[in-house]
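Notes follow once the structure below has been shown.
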């Protein structure tokens, strides 16, 4: 039995990146999801979308190529790949809401076993939360994946029976990549398909707020 | 007393053209309204819109400049002025419906004294009428003018108490240019502001299906 | 590598099913995907619903598809153009169903489908025969009619330039319904006059980003007919 | 001759009234009409409602307008960016009202106003706190929230190029909310980095046709700040 070795943020991003297929149109949320762009396997062509009107986003520019006119939704400077294009905000969200993105990867405060997502307001008492494009992305993309630590800093589960935080969207999430596991959201709730090194079924269940089923073939 | 001299189609178009102001964005319907473009006074800059995605439409091309890729809503070849632009159909009707056109000039089967317009279906029994953009234009432009013969070929009035033909839009028309008169549609019904040469008040009223008031100063 | 360019018209339309709803771009002859319409005739799908501004003219293209008995229903704004003889005859004989939609409502319903908007309120048609039976609403003193998004299984569009990602440009008034139809169908196929190397289309001037396009076929078709 | 170019920022904002609703383009610092915002501060109109994606950062631009007590209410999607200190303080003190709108709903409401659509049904926000009290509707098995068009009295936009007819282009991600805001206001004012002679902008690449623009002011402002 090995020690429990949680994945780093980079490892989580890298793990999720492996499952993104050639030709997908993908929006990557702020935080760990943004890191995914750097880990898409070489030679696999994926088209990145940014809410502020960009398709075909490339990596951060080298200092010499910095372009203050080209930023992503996180307000970081980016580049544009060959084949990229610009459009306005209504057209950008038409792409999102109209079901044209194959995938959106978001962060989360909580994901419920029915796929409900809470990722925008930290409490019901927060009177000025910043929602941004999260609600549009969560209802619009064909697949919503979440990348997040498995628990809060205090050790509270983020995969839960029912979200306590204000919801972003109902039944939106289909897969969760955490620092401990990869979990599918199914009609029957959470189904683990992969565990990080040294993570036992028992340890994972202990850190999760709803029952887990295990589809993975990995040894304990 | 002179003989009644109805205006020709060209004269009706020319008369309406005089009232189009510098800087207006204008859509001209099929038929007599299309002729207006050729009669806008020299030096008065007016921007013509076409439903199929053109602003800044110019006159028909000389044979040598004919461009089969550039047609107006009536499917006639046109030209593009400096300052013109192209856009798609949803954007084109956003301009129309969003109240951005200063004026649309349409033909009519009937105009009622309350401004109701009937110009798309020749009878309630017509089961496959072609509506095109008429209903959008009639509700969307800031002003709707009608250019039409004062009566049908059979002598029946086209300015009426109430439309018998299927409606295009309610209360849409604000002014009518006919071959006999210029008539405003007011809260109190039809108000004549100009008569063609030799057209007496009595002759005009006899050819009109609703009461006329006379604001014009022209002599009889 | 993403490559949406298919070798021929047959590949462009493979898999189209009987009963499909098909959007056809173009206004008049300009921007009309003639080669794809001909290919659809060859492809054989039946019982189609066609969404287009017009109902075809003469005996070619859309009119020929209808004449071949393949169109069950047409949704359009202007069925009676000069020369819409095939439609007229079929309609009179009760062999084709018709839904008349004001041109701007047609465009907006198509755009709504592409944009994930389920329905919207337009002032167009309020108080007329075309609003009969439809829900209405008064908003800020103005009257509106509720209209639903209009999806399709297949959109056929004509582009001027296209690259392997499916980015499209159009030519002059050839733009018309093409960009919104491209966004509103499950399968969008573009015939293009020119192929462009990836990266040669100006990103500021791409009209239809490739996200909306599934297949591109190169048809150097020349000027619009008619 | 149509000439929408005005000589200076003061002329650009003449006639703006107290109580006006003002749309401000930009996403982050890119495409944000900084000079027009400063001019609005100088112009003096009070009791404003601001529609923008963000609620300002630092103590310049929109934040300074708010700090000067001129903004009664803000409608935005993301009030809390890094450095939104002025908004935070005013909001906490109850000196500014806030309406939070999901970013795509905000964009679509603005677009609807420009397009004459009174209201529409979007799936965004269904079942969440932001849909509380709003009408909902199930269409084809999917749940939607009804949202109304969002008009403004004044739109401030930043363009890259403009001509005397008011045709505009934008630069890269500077496009964002600018084109839709330009279409949704009674008075639309554009600051532009470059003036272009009429006829030199490619008609295929004009993003905002001049029909949406009332005044153009030339401000060679350089790169976005921040």
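As written, the chains take the letters A, B, C and D, and residue 1 is the first residue of each chain.
The rule is short, and it goes like this: a residue touches a chain if its C-beta (ideal position, glycine included) is under 8 Å from a C-beta of that chain, and two chains touch if they have at least 3 such contacts.
All values reported here derive from a predicted model rather than from experimental measurement.
Student: CA centre of subunit B versus CA centre of subunit C: separation in Å?
Tutor: Using C-alpha averages as centres, the distance is 29 Å.
Student: Subunit A to subunit C: how many Å between their CA centres?
Tutor: Subunit A and subunit C have C-alpha centres separated by 35 Å.
Student: Take the average of all CA coordinates in subunit A, do the same for subunit B, and state the distance between these two points in whole angstrom.
Tutor: Measuring from centre to centre gives 56 Å for this pair.
Student: At which residue positions does subunit C touch at least two other chains?
Tutor: Expected reply: 108, 111, 115-117, 122-123, 170-172, 203-204, 207.
Student: Among the residues of subunit B, which are close enough to touch at least two other chains?
Tutor: Correct list: 80, 86-87, 90, 93, 96-97, 140.
Student: Which of line, ring, star, complete and other names the graph you get from chains that touch?
Tutor: Contact map by chain: other.
Student: State which pairs of chains touch, listing all of them.
Tutor: A-C, A-D, B-C, B-D, C-D
Student: For the complex, give me every residue of subunit B touching subunit C.
Tutor: Against subunit C, the touching part of subunit B is residues 50-54, 67-73, 75, 80, 86-90, 92-93, 96-97, 121, 124, 127-136, 139-140, 166-170.
Student: Would you mind writing out the residues of subunit B in touch with subunit D in their complex?
Tutor: Touch list, subunit B to subunit D: 22-23, 25, 45, 47, 49, 55-56, 80-87, 90, 93-101, 140.
Student: Show which residues of subunit D lie in contact with subunit B when the two form their complex.
Tutor: Residue positions touching the partner: 1-2, 111, 113-117, 163-165, 167, 183, 198-199, 201, 203-204, 206, 209-212.
Student: Residue numbers of subunit C touching subunit B in their complex, please.
Tutor: Contact set of subunit C toward subunit B: 27-30, 77-81, 87-88, 91, 98, 100-105, 107-108, 110-111, 122-130, 143, 170-180, 207, 223-224.
Student: Which residues of subunit C touch subunit D in their complex?
Tutor: 108, 112, 115-123, 137, 139-140, 142, 144, 148-149, 169-172, 202-205, 207
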